[in-house]
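Sending over a structure as C-alpha cells; questions will come in a sec.
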Amino acid sequence: MGKISIHEWFSKKQKEKQQQNSSSEKLNIPDNLWIKCVSCKTALYAKELKENLNVCPKCGYHFKLSALERINLLIDGGSFKELSPTLKATDFLGFFDSKPYAKRIEDAILKSSLNEAIVIGEGLIENIKTSLGVMEFSFMGGSMGSGVGEKFTRMIEHSIENKIPAVVVTASGGARMQEGIMSLMQMAKVSAALGRLRETGLPYIVVLTDPTTGGTTASFAMLGDIQIAEPEALIGFAGPRVIEQTIRQKLPKKFQRSEFLLEHGMIDLICERKNLKGTLSKILKFFVE
Amino acid sequence: MGKISIHEWFSKKQKEKQQQNSSSEKLNIPDNLWIKCVSCKTALYAKELKENLNVCPKCGYHFKLSALERINLLIDGGSFKELSPTLKATDFLGFFDSKPYAKRIEDAILKSSLNEAIVIGEGLIENIKTSLGVMEFSFMGGSMGSGVGEKFTRMIEHSIENKIPAVVVTASGGARMQEGIMSLMQMAKVSAALGRLRETGLPYIVVLTDPTTGGTTASFAMLGDIQIAEPEALIGFAGPRVIEQTIRQKLPKKFQRSEFLLEHGMIDLICERKNLKGTLSKILKFFVE
Amino acid sequence: MKQNFDEIKNLLPFESHLKDLFKKIEELKKLSEKEEVNLEEEIRMVRKRIDAMRQDIFSKLTPLQVVQVARFIMRPTTLDYISLIFEDFIELHGDRNFSDDAAIVAGIAKLDGRSVVVIGHQKGHTTKELIARNFGMANPEGYRKALRIMRMAVRANKPIISLIDTSGAYPGLGAEERGQAEAIAKNLREMAVFTVPFISIITGEGGSGGALGIAMGNRVLMMEYSIYSVISPEGCASILFRDATRAPEAAKASKITAKDLLEFRVIDEIIKEPVGGAHNNYKEAAANVKAAILKHLNEISNFSSRELVADRYNKYRNMGIFVE
Amino acid sequence: MKQNFDEIKNLLPFESHLKDLFKKIEELKKLSEKEEVNLEEEIRMVRKRIDAMRQDIFSKLTPLQVVQVARFIMRPTTLDYISLIFEDFIELHGDRNFSDDAAIVAGIAKLDGRSVVVIGHQKGHTTKELIARNFGMANPEGYRKALRIMRMAVRANKPIISLIDTSGAYPGLGAEERGQAEAIAKNLREMAVFTVPFISIITGEGGSGGALGIAMGNRVLMMEYSIYSVISPEGCASILFRDATRAPEAAKASKITAKDLLEFRVIDEIIKEPVGGAHNNYKEAAANVKAAILKHLNEISNFSSRELVADRYNKYRNMGIFVE
C-alpha cells in the first residue's frame, strides 16, 4: 500500500499535474480554450468537454482520459489506495535510440507525475471492493515493460489474496521495446498471473480504451471474463501500418475499432464512458453477490 | 459380454450373411462378378475389390465396409467380445410411414444379421485392449435411436470401468426419426457419457466413414480427442440437399468431404483404410504407454 | 416487448372465426366514444365469450396447430422474456473466435436478486428483426458464444437459464465450413458436466440439435404451446412420407407437444400459457415462466456441484426405450 | 530433410570468402577422379581449414549475423527436427473452429519410447514450401490448433515439446478479424497452468508474441545461433531509430542472441550447433537438440502436476528488472 493517505495522494497528484507545463495535453489546457474535436471537427469549449468526461458532446468521440481521471471516474470518492506507487522502470540494457531509455523514463515520470505506465490499487466501485489497474497512455505510450508487468501481476495477486475482483483499464501501444526480450516476457508473466486468478473463480474485467495494441492486447487486454470497450477505440494486435504493408492494400474503415471487434466476436460490449461505472458495478455485482 | 465365444460369433455372423439374399449389397455378391467403381467407373473384379479392403485399386475410392468387416479389419484375430448383442430397438411410438417402424426394425435385423445399427464390444488393436463401437450403415442408414444411444453409452462406460481407450467407427445418416424426440435425446445421452469419459483422461478416438451426418455428427462423431476420417467420406451436419435449398445455389465440389473438413480444421487426419489399423495402434500407444 | 398488438390481425388461422367478436368489441368501443355511453360491461361480456371460445379451441389443438402457435411471429421472444423476468440484464457478445451471432443472445442478469446467466435463441416480431436474427437459426458462432458464457457461469458458480426457440441450427454453407456439428456436439458434452444449476425452457420451437445445443438443463420445462422435436413436421413428412403436405400426420406421429413429452419424461413440467397463447399476454406468460424457473431453481440450488452433475447425467443417461 | 545441399551456393554472406576453399575441394575431387589418384588426405586438410576458419567466424558473429544464420533458408525446420528426433510421429491437424494452419505443425510422437506431444512453427527450404507455410507466420488458427493439441497432452498427461521458429504471428487482415491477439493471449494463460512437463526450444527465429505463443515451457532452450526478441532488428530500427538501415545497431542493443538471453536467465540453456551452423549438419544438430530435451525432461519428469505448474509460474513470475 502507498504510504500516504488517498486524499493526500490525490491532491498531490492533481497539484503536480497543474504545475506541469502541459500545453500538449488537451486535458490540461486552460478552461476557456477551444478544442477541435478530432472526429467531427466541432470546436468545443474545453470546460464543457471536461465536464462531459472528455467525450465530444456533438459526436460522442471519446478523448483519452489520464489514469487519474479514470480512477476518479470509476472509484467511489476517497476509496482508492494505490499499490506499489514507487515502482519504476530501469534502463538495464543501457538502451538508447534518439535518447537513452533512462532519460525517457525520467521524462515520462515528470510529464505524467506517475512512476510507470500503469497505476494499480484497490478501491470501491459502487461499494464493491476491487483490484484496479489503469494504464496511462502518456507514459511512453502505455508500453509494457518490467514495471508494468510487475505492477499488473501484483494487482492480480492482490485480487487473489483478498478474494476480490480485478478490473483493468487498458491504453497501450504494446511492449516497451527499450527493455528488449524482458518486455516480451511480461506477456508471459501477466498471463500466468491471470491463469492463477482464473483458477480461483474470481472475475477479471477488462475495459479497453483507445488505443490498445501489440503485446498488451496479446496478453492481459484480451483475457477478461468480460471485455468492455469504449466506443471507437483502436484495438488490435498488429498496427494498422504494419498490416497495410503486409497485405498491400488499404484497410477497411472502422478496422480494429471497438465496433469491428464486437462484430467479430472479440468483445462483450461497447460502453459509453458515462455509463461505464454503472455497467462495471452491475457486472461486479453479478460476480460477487 | 456376449454369451457365445467370439469365434463362434464370427462364424455364425458370416454364415448368416452368406445365407442372405443380398444382391443389393456390393460386398456380398459372388466373387466372379464385376463391379463398376462409383468414382472412376472402372469395372472391378469383385474378389479383387474385396481383397483390397473394398478400396478401388484404380482410384482409391473407399467403398463401404460392414460392421463385421470393419471389426475384422481393426481387431486382432479372435479377440473381439461383443457387448449387449441382444439389445434391440422397439416401436414405442407406434410410428409408421410407408411401413411400420416395427417392421423396419425386423427387416433391418434380417438384412444385416445385427440387432442394431451399432456393434459394440471390447477387443485388442495390436495388443491394446480397447472399447470399440462400429456402426452399420445398412441397418436403417446407421440411424441413432434409443438402441444405438444405449449401446454407445455402454461402450463408453465399459471404457471407463476398465480404464481402456474407446474407439468408434461412424457411418450414419443421423437421428432415427421413427423414435421422435427420443432419438434427439440420444445426442444428449452419448455426449454426456463422453463428458464423463473425458474427465478420466482416457482417450476417445473417432474414425469417420462415408457417410456420417446429422445428429450423429453433432454428437459423438465430432467429439474425438483425435478425429480420423477415411478419404472422401461425406461428413456434415445438414444434408447437402437441405443446404442447397437453404442457400439456393450449388455446393462447391468436395463440400463436406473428408478433405474439406481437414482444410477447415475439423479433423486431425485422413487415413487410407489399409493404414487404418496401424495408425490407430500408434495413436492408442501414444495414450496408453 | 409487445407493442401495438392488433388482436384481429394477429388471430391464428384456426381462430379466425373469432374475428367477428373482436370486430364487435371495436364497434362497441367506437359507439361508446361517439355516444358517450359506458359500454364496458358489454365489452367485458364479449371478451368473456372470446376467452371461453379460445379456451375451448386451445384445449383441442391438433399438434400442427400447436406448431402454428409455437411459431407465431407475435409469440414472446427470448428478449421479451428477459426484459419481463430478469433485472439488470447485460447482454454479452461474441464467441472470441469469429463473430457475434445475433441468433443467440446471452448475458448476465439478476433473478429476484440472484445472479444468473441467461441465454436463448432470438427470433423477432418483424421481418427486419427476423432477418437480422437469421430467424433464430444460429451458426456455429452462436453455440460457441453460448458455451463461452455458460462456462463463465460455471467458473463464477452461477445458475444458467436457457430459453429455447429455434427451428434448428442454420443449415448454411458457412455453418458447415465452420463446424456446426462440432459446435453443437461440444456444447452437449460440456453442458453435461456443468457444476451449476441449469434450467432450460422450450418457449417456442425446440428444433432438433439446434435446440438441444443449449438445452441440457437439470430441468427442462416446456411452455404449454411450444414444441420440441428431432425434425420439423414438414421435414419429417417430406423425408419419411415423401410428401410435405402430410405434415399434420407427421406432427401427430412424432409426439412433439409438451403433453406428449411430459409423458415420455423428456421434460419435467409444462408451463401454463395465458388464454389464447403466450402472445396474448406477455406479462402473464413471463410471470408463469419466472415462477417455474424459481420453483425448479430452488429445488436444485441445494445440490452440491457433484450432485448437480450426477443429477444431470442420470437424467440423460436414462433416456431411451429399447428391449433386451 | 536436407537434400542436395550445395555447400558453395549455401554459404552465408559473411563466409563468402570460404568459397575458394570449397572450390578447391571440388577441383581436388575432379582431379582425383580424372587422374585416379587418392587425394582424400588433401581434401581432408582443406576441410579442416574451412572448419577452423568457420569456427573462428562463428565465434565472432555480430548479432545481425546471428540473425542471418537463424533465418537461413537451409536451416533445419521443425519437421526436419521431428523426423530426426522422434519416432512414430503422427501429425494432427486443425483448430476445430475454422481451418488448419500450415504455419504450425503439431502431433503425437515417441521420444526414446516415451509418448510426447510436439508442436512447432514450420517454415521451409523452398519458396513454394515457404508460401504454403506462410513463411512460418501463423494465423490465429495456428495458435488455436496448438492449444487444442497441447490441452490434449495435458488430459493425457504427456509432456509437451515446442519448437519455435517464426518471424512473428502473421499481421494480416483476417488474422486481426479472427483474433490474433486473443489467440496468443489465451495460449499464454493456458500454458502457464499446464500440469505436464513442457519444454520449449528456439530453433531459429523467436519472433515476439508469435514465438511466445507456443513457448512457455518449464524450460526454454535456445540453439546457439537462434534469436529471440520482442521485435525484429529491422522493425526496432525503423520504429525507434526511424531508420531501417540501422538494424545492426538495433540487433546489438536489443540483446537477442542466446548468449545474451542466458545471461538474463530468460533461457535455461544454449544448445550447441555443428560447425558453421545447424544447416551444415542436420543430424548433429538434431542429436544435440534431442540430448537437451531428454536432459531437461528427465530433470522435471519427477515433478508432480502441482510442482510443474508452480515451477513454471515462478519462472515467469520472476522475470522483469525494475527498481522500487
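In order of appearance the chains are A, B, C and D, and numbering begins at 1 in each one.
We take it that a residue touches a chain if its C-beta (ideal position, glycine included) is under 8 Å from a C-beta of that chain, and two chains touch if they have at least 3 such contacts.
Here is each chain with its UniProt name: C, D = Acetyl-coenzyme A carboxylase carboxyl transferase subunit alpha.
All values reported here derive from a predicted model rather than from experimental measurement.
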Report summary line: The chains touching both chain B and chain D are C
Report summary line: So the chain most remote from chain A by C-alpha centre is B
Report task. Name whichever of A-C and A-D has more C-beta pairs touching across its two chains. Result -> A-D
Report summary line: Cα centroid separation, chain B vs chain C, in Å, comes to 35
Query raised in the report: If you average the Cα atoms of chain A and of chain C to get two centres, how far apart are those centres in Å?
Result: 42
Query - Chain centre separation (chain C, chain D; CA means) in Å - result: 54
Query raised in the report: Got the chain A residues that touch at least 2 other chains?
Result: 198, 264-266
Report summary line: Among all residues of chain D, those touching at least two other chains are 96-98, 178-179, 182
Query raised in the report: Quick one: do these chains touch in a line, a ring, a star, all-to-all (complete), or other?
Result: other
Query raised in the report: Quick one: which chain pairs are touching?
Result: A-C, A-D, B-C, B-D, C-D
Report summary line: Per the touch rule above, chain C residues touching chain A in the complex are 88, 90-100, 108-110, 113, 115, 141, 145, 152, 155-158
Requested in this report: Using the touch definition up top, name the residues of chain C that touch chain D in the complex.
Outcome: 96-98, 140, 144, 178-179, 182
Query raised in the report: In the complex formed with chain D, which residues of chain B make contact?
Result: 198, 201, 203, 225-226, 262-269, 279, 282-283, 285-287, 289
Query - Touching residues on chain B, where the partner in the complex is chain C - result: 84, 86-90, 92-93, 95-98, 145-147, 149-150, 153, 175, 177-189, 191-196, 198-199, 214-215, 217-223, 236-238, 242-243, 246-247, 251-252, 255-256, 260, 264-266
Query - Residue ranges of chain C touching chain B (in the complex, touch as defined) - result: 169-173, 175-182, 184-186, 188-190, 192-193, 208-209, 212-213, 216, 228-231, 236, 239-242, 253-256, 260-261, 264, 266, 312-313, 316-317, 319-324
